[in-house]
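Two complexes come next, and they have one chain in common, chain A, joined by chain B in the first and chain C in the second.
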Partner chain A sequence: MPEFLETTVDKFIFKVATDRYYSSEGIWAQAEGNRVRIGLTDFLQQRSGDVAFAEVKPAGTALAAGDEVAVIETIKVNISLTSPVSGRVAEVNPAMETAPEIINKDPYGEGWLALLEASDWEADRARLLNAQAYFNLMKGQAEEEAKKL
Partner chain B sequence: MTKQNKVVIVPCSGIGKTYGTVSREAAYEVTDDVRPDDTQLVALSLLVLGDEAARAAVADSPAITIDGCKLACATKMVNQSGGTVAQDFAVLDVYRRYRQFKPQGIAELNDGGQKLAHVLAEEITAVVDGLRLGPTAESAENKAAGGQNA
Partner chain C sequence: MTDQHDVAILGGGPGGYIAALRAGQLGARVVLIEKDRVGGTCLNIGCIPTKALTTSTELLLKARRAAEFGISIPSAQPDLPRLMAYKQSTVDGLVSGVEQLLKERRVTLVRGEASLTRPDTLQVTGSDGSASEISVRHVILAPGSITARPPIPGLDLPDVITSTEALDISEVPAHLIVVGGGVIGLEFACIYEALGSRVTVLEMMPTLLPGGTDEALAKRLALILRRRGMEVHTGATVQAIEPAENRLRVKFAEAKGESAVEGERVLVAVGRWPNTAGLGLAELGVRLNGRAIVVDERLATNVPNVWAIGDAVGGMMLAHKAMVEGRVAAENVTGGNRTVDYRSVPNVIFTRPEVASVGLTEAQARANGAEVKVTQFPFSANPRARILGEAEGLVKLVCEAGSGRVLGVHMMGPHVTDLIAEGALAVQIGATADDLAWTTHAHPTLPEAMLEAALGFRDAALHFHTR
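Presenting the complex of A and B:
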């Protein structure tokens, strides 16, 4: 079970898992040996709304960091999600096909998107944010969003 | 059929949300057009306020709830008001089955939204019919069997 940094903005509680890295757009990346698991942050899933469909690039797809790795359709928006790492899609979470709402229920766990064979994790990791840095960024984004409510 | 025996339909009251509008359009289609004699609409806001007539309606009749999002306010409020949810519908689940009907718009739904509301109304109607026909069918069976409850 990961530990979390947590903040409350307006009536919303946002969590950031401390055991992984983040892109500024809200995609997390967690190394597992030579592979990197990716998914949406709690903030991104809450801001996006209930997920209706998730289409992840199939296994075997080669990606550069910043390439589109998935598209999710929620009750609010369609979002293109970019890969935080370079490499090849090794595995797609089968739940994305059958029960994509798992992204909303468990964004840091069962709601992962894909497992990638990273081509240069060390270089990618250096470009990503650690949990505290993402937490600070996310908190600012959440507070900006709250002002619009 | 008395009003109290009618199946209660409680849609989402989310204002400014497309899925809430779909839930209400589906509810209107069932209660106003398709099964007006078998159903009655109860406003979620009245349940929230604790309105006596609304609470009595859900307490005395089976309810069908239509939720616009995962908060499931309609279902929760019927349960908290002492009612029995015979069937709960989530607009998102229906949309997953009819992806070709992408709903958009709030005050006025687009064509996809109207079609989604229609197929949802059809599903609700089937449940209403099941609830209405269930006891009748049972009575008929009892009658045929010489039962005491016919």
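Presenting the complex of A and C:
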């Protein structure tokens, strides 16, 4: 189990796992050997709403960091998710086809999106945010959102 | 009988009767030979009776949701004898309508089976046992298709049924197992599910609706059915059907290993085969590809004056494809020079939700080397769909990247089997996304989803956004 940084904004609790890296859009990336697992942050999944469908680019798709890797559809909105790393899709979480709502239930665990064969993880990692940096960014975003309500 | 006909048509299904009507309209003396009732598989045991059943079962489910719409209906239940009567009277009414039309076009209807002895001579065995010969100038073969029988042990067991028996519902099985997750299998799966059966679907291919349906939509449909409680196995090869006390056991293999499921009835719906045996085709030298008759783009076979249409020539086995081929063949045998434009032949599937498509899928368009832009719009953002309480699904347009020309339209959701007509027109006339977007669509209607999807081509959808 990863450890979490946690904040409460307007009665919503948002968690950030400390054992991985983040894009400012709210996609986490965690290296596993020469592969990188990616998924949505707790903040992004809560902000998106209940996931009805998820379409992830199929295994074999080559991506540059910043390219669309998946689209999730919720009642409210279609959300285009961009890959935090460059590389090739090696594996898509099979649960995305059978029970994509797992993203809402377990964003940092069972709700992962895909495993990528990273072409230059060190370069990607240098660009990405660490947990504390993302936590600070996310907290600001969450407070902004709360003000709009 | 002597040479009193210009055209003989073998088979009175949607392809054959349309060919007869059109040839009659063009002044030809036409004889139509049908061994059973006119209308063929489609009208008697296919499209029409299944749609009567989907209409009834949709009403049942809607009635059960009546409270959502502020209407009190205490308990809606199926009444099977009446349901069968409604289905049959719908079919009968349409069959007699076709018979009337044929009379008005002065088409001679012969009840019996025919085979070709020469390109201009038909041997007919009448339904009453009488034998006769018909000489004609042209023959249009429209023998249709038969239920495919896969080599599965146990196929002959009682309670292993085809779509024909599945139409006749005197009781609802507690558990129906459907072998084949194509259009026929899934339509029946949804009908029996609505009537109260537990339903398991076993499809051999990796996705439901294999053969042309947009893969993303097929996967979505599988997810929707599973969420509703239907058991859907894809990539599942049926190995055998065997008796199990008062039930049937279906053994199958899938990626995670071998498995078995038991039910009261097993519907085998793994497709259809061209019905080309016994027509004398091989003897006459008519070229076949497997069971399918080989035709050129004008629907002529390799034997002069012998033409073929519909399921018997393979391709998309759809009534409306047979109908357009019937029109084309009728025009060609009367001196015309027409070909079928298959690009705009839509495919419609009356599942819940419905699925419909026309033209190329995204994958096909890319494989053709086109640079494509795909745009989609969900019914959850369409007011009419929300009013109907059927907001599940989407409209997806596959457009040529630069010009915006519509290459394909793929839909899932309320009444998309009707809505696809606009997509078919767009594909047929080479319309662009802008053409669709600047065609004012009435509000509040379901076709607005098409307009919004088209606006998406310029990233300008108004009632929805992607962030």
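Everything below uses one rule, namely that the second predicted complex is superposed on the first by the 149 of 149 C-alpha atoms of A that agree within 3 Å, B and C clash if a C-alpha of one lies under 4 Å from a C-alpha of the other, contacts with A are read in each partner's own complex, and residues count from 1 in each chain.
The rule is simple: contacts are C-beta pairs under 8 Å (C-beta built on N, C-alpha and C of every residue); 3 or more make two chains touch, one makes a residue touch a chain.
Nothing here was measured: the structure is a model prediction, and the numbers come from that model.
K.L.:
Fit or clash for chain B plus chain C once both are placed on chain A?
P.N.:
Result for chain B and chain C: clash.
K.L.:
Which of the two partners, first being chain B and second being chain C, lies in contact with A:Asn104: first, second, both, or neither?
P.N.:
First partner only.
K.L.:
Who does A:Ala62 touch here: chain B (first), chain C (second), both, or neither?
P.N.:
A:Ala62 sits against neither chain B nor chain C.
K.L.:
As a test of reading the superposition: which chain, chain B or chain C, is in touch with more residues of chain A?
P.N.:
Counting contacted residues of chain A, the larger count belongs to C.
K.L.:
Determine, under the contact definition given at the top, whether A:Ile13 touches first (chain B), second (chain C), both, or neither.
P.N.:
Neither partner.
K.L.:
Tell me which partner A:Phe53 touches in the superposition: chain B (first), chain C (second), both or neither.
P.N.:
A:Phe53 contacts both chain B and chain C.
K.L.:
Looking at the overlay, what does A:Ile79 touch: chain B (first), chain C (second), both, or neither?
P.N.:
second
K.L.:
With chain C in view, single out which of the stretches 4-12, 22-30 or 76-84 of chain B clashes with it after superposition.
P.N.:
22-30
K.L.:
Shared contact residues on chain A, chain B side and chain C side combined as an intersection?
P.N.:
The answer is residues 53, 75 of chain A.
K.L.:
Using the touch definition up top, name the residues of chain A that touch chain B in the complex.
P.N.:
49-50, 52-53, 75, 101, 104
K.L.:
Would you mind writing out the residues of chain A in touch with chain C in their complex?
P.N.:
53, 55, 71, 73, 75, 77-80, 97-100
K.L.:
Would you pull the chain C residues touching chain A in the complex into a rising list?
P.N.:
216, 219-220, 222-223, 226, 376, 378, 380, 464-467
K.L.:
If you look only at chain B, which of its residues touch chain A in the complex?
P.N.:
Residues in contact with chain A: 17-19, 69-70, 92, 95-96, 99.
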